[in-house]
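Okay, here's the structure, questions in a sec.
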Amino acid sequence: MTFYALTLALLGVGLYGLLAKRNMLKKVLGLVILDYAVNLLLVAVGYRAGGGAPILLPGEDPAAFAAGSVDPLPQALVLTSIVIGLGATMLLVAMVLRLHQRYGTLDVDRMDRLKG
Amino acid sequence: MPSDRDGLSVIVQVVTRWILVLIVVYGFGVAFFGHLTPGGGFAGGVVIACGFVLATLAFGGRSGPAAAFHRRVASLEAAGALTYLGMAAIGWTVGHFMQAWTPRGADFTLASAPFLVVLNLAILLKVGAGLFAGFMVLVLFDRAPAAPRDGKGGG
Amino acid sequence: MAAYLPLFVALPLAAGFACLLIKGVAPRATPWLSVASMLGLLALAVGAVARGGVEVTFAGDWGLRPFGDGVWVSGVALVLDGLSRLFLLLVAVVGTASAIYALRYLAPEPGRPLFHVLFNLLVAGMNGALLAGDLFTLYVFVEVASIASYGLVAYRTGGTEVEAAFKYLVLGTLASTGILLGITVLYAATGFLNLADLAAAIAAGAVPPVALAFASGLFVLGFATKTAAMPFHAWLPDAHPSAPAPISAMLSGLLIKTLGIYALVRVFYVVVGMDEQVRLILTALGCLSMWGGVLLAQAQDDLKRILAFHSVSQMGYVLIALGLGTWLGVAAALFHAVNHALFKSALFLSSGSLERVTGTRKLSEMGGVFRRAPATSVGLVGACLSISGIPPFNGFWSKLLILIALVSGGQYLVALLAAGAALMTLVTFVKVQRKAVFGALPARLAGAREVPATMYLPVLALVVLCLLSGLLWPAGVDGVIGAAASAVRSPAGERPAAELYIESIHRSPSR
């Protein structure tokens, strides 16, 4: 239970960084932390107390393996989610780079050219 | 990082040439055995992309083993993706899309799922090329403010 | 045999990567590749509509497997029911129009092949989301489409476009993270990801109410942001105008519907269930969006920003009709979503043409282009009449149907608000027509020329579709739209639609 609480705290940290910080790179870091907090939670959901890694070794009984290992599905889901987060982060950093080139600053308030 | 410097010192460059070979082999190994051990195409692709990033750092942006790939990353990435789609589409001829249609060997060996091996290699190509292309865009093109954005941001 | 379903995703995906492959050797062929893939999708979608029924296929030869005391779905399922069919057809139609428009709209610059890569990925993502049979596949394809759209908004890499794309990306990723968190909660509680199994488990009470409320709240937040419902709309007024015109048409015409409305309907009507609170929230978001969008549009001079704010407003209409929970409400909502896709994409494409003709996006600098650019003007006027709700165009009928659904559902106050917003929309678009098309031609536009045929023909085709939709709407509502609504809510309310969905999956032939 403390693990879930800590993960949610991490989520809060990421959210705070994303929304409250003015420096764009700090916003990017906040987004990354937020992404990974959710990934962490998803992997943790699949944990089974005392379970082994979901790798079937030669000679192991499949039924016993299925009953004793942690849930592999969240691990596959998180792999996908990490890749998605990677794509979004790369795009975000490229935009930050471009905005810095254009406006010479990383401060969101100073470059707020767009009306609401 | 200025892209017109020569990179790092000669010692680093010599060592990097050898290390790059090891890194690429390791990456391919992780991808080849992805159906038996943890890893697979994505992890292998990331390893190989990091190897090429290392080569770019050591040699600078203009020369070195990584520079030969600058023009080819887009084609390599597309080739990887189209191979994946092609393998999945051939599955239609035996039943379902993405059905494992290759003959299977003994369990726990490399040949136990050739379908997955090919898919892993395709993903390795795509991810490696894609990540390296993203690195190129972020690092090597940052000197040209008016240049159009070449290469998309990863994924 | 439903084995052709993956083609909806595989075709644009292959076209997109083919564009990437040939970008060095034959860059001028890439726009034609996009047009070809969209036409292929159109053929597929028409074929799918003609078949009817629920079609299920699985990736690989996975499928239904016995486990424990029941038969459950394992692996990734692709499901085509009435709802998906409707939106697949819509994506194909608007995608074809945008692809043909983009032939001459975009100059053959070095980055253009990459535009077409992303364009095809966007369509592949949307189609995948429409066909997804489980929640995580839905999430993945929503992300594919979203990330492609972030890149497309930033296509012209000027300062304002990149800033708009930045804001769009941040809010969009925040929404997607919320959706993933909701999926995590549901998976932790039930162990299922498949939509049918989840629906059965939730109906059987496997999820504790607090967890279900938390997950529902996250889904509402996430998908409402994707729909640009107020107060989660902040990204749309900057992102849609900054994108090139064909992309604005795809974003406003398709993306906010497939990633927003379709996902909301699928998750809430089929999986989670439409209880009192959800309906209230959807209605509240809808009312806020309707009026907020229309009021904020009044102060704008930029034509594309006006159109963007009206997208928010029209999605509000769809949301209040969905919030009713009745068959008529769903049918009216879907009908309006279809119509909005048709006339909003026509409007955005026209705005691109107008920008080409007059050199500006500001209404105050335009005027009287009717003589110089007659085809563009006719298209714009037709689309404006549609959105204002003038009969016999389609906007009138779908807004009327929404009002009827509201009144028969007992929501008189909301119906009044809807009628008022419709009036304000009319006022705005009369102004748009007066300023852009009629009126006096400024001196500097005396030499303005009409745009190429590949740019005004798609607009005129969309306007003709609006007219047909308005004239033939009873047949449409009985046919495709009715089938879509019946897929999620039975007409007389006798069986929860989720049951129909679940049964269709479990009856599907598989090994």
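Letters A, B and C mark the chains as written, and numbering starts fresh at 1 in each.
Definition applied: contacts are C-beta pairs under 8 Å (C-beta built on N, C-alpha and C of every residue); 3 or more make two chains touch, one makes a residue touch a chain.
This is a predicted model, so every value here is computed, not measured.
*Asks:* By the contact definition above, name the pair with the higher C-beta contact count: B-C or A-B.
*Replies:* B-C
*Asks:* Please indicate the chain closest to the centre of the assembly, with centres calculated from CA atoms only.
*Replies:* C
*Asks:* Could you state the distance in Å from the CA-based centre of subunit A to that of subunit C?
*Replies:* 27
*Asks:* From the mean C-alpha coordinate of subunit B to that of subunit C, what's the distance rounded to whole Å?
*Replies:* It comes to 35 Å between the two C-alpha centres.
*Asks:* Counting only Cα atoms for the centres, state how far subunit A is from subunit B in Å.
*Replies:* 22
*Asks:* By residue number and range, which residues of subunit A touch two or more other chains?
*Replies:* 84, 87-88, 91-92, 98, 102
*Asks:* What parts of subunit B, by residue number, touch at least two of the other chains?
*Replies:* 149, 152-153, 155
*Asks:* Going by the touch rule set out above, which residues of subunit C reach two or more other chains?
*Replies:* Within subunit C, the residues that touch at least two other chains are 147, 151, 154, 157.
*Asks:* Along subunit B, where are the residues that touch subunit C in the complex?
*Replies:* Those residues of subunit B that touch subunit C are 71, 74-75, 77-79, 81-82, 85, 88-89, 91-92, 95-100, 148-153, 155.
*Asks:* Tell me, which parts of subunit B touch subunit A in their complex?
*Replies:* 37-38, 42, 107-108, 127, 134, 137-138, 142, 145, 149, 152-155
*Asks:* Help me check something: in the complex, which residues belonging to subunit A touch subunit B?
*Replies:* Checking each residue of subunit A against subunit B gives 53, 55, 58, 79, 83-84, 86-94, 97-98, 101-102.
*Asks:* Residues of subunit A touching subunit C in their complex?
*Replies:* Residues 11, 18, 24, 27, 31, 34-35, 38, 41-42, 45, 73-74, 77, 80-81, 84, 87-88, 91-92, 95-96, 98-99, 102-103, 111, 113-114, 116 of subunit A touch subunit C in their complex.
*Asks:* Could you pull out which subunit C residues touch subunit B in their complex?
*Replies:* Checking each residue of subunit C against subunit B gives 3, 5-6, 10, 13-14, 17-18, 20-21, 23-24, 57-61, 109-111, 114, 117-118, 147, 151, 154, 157.
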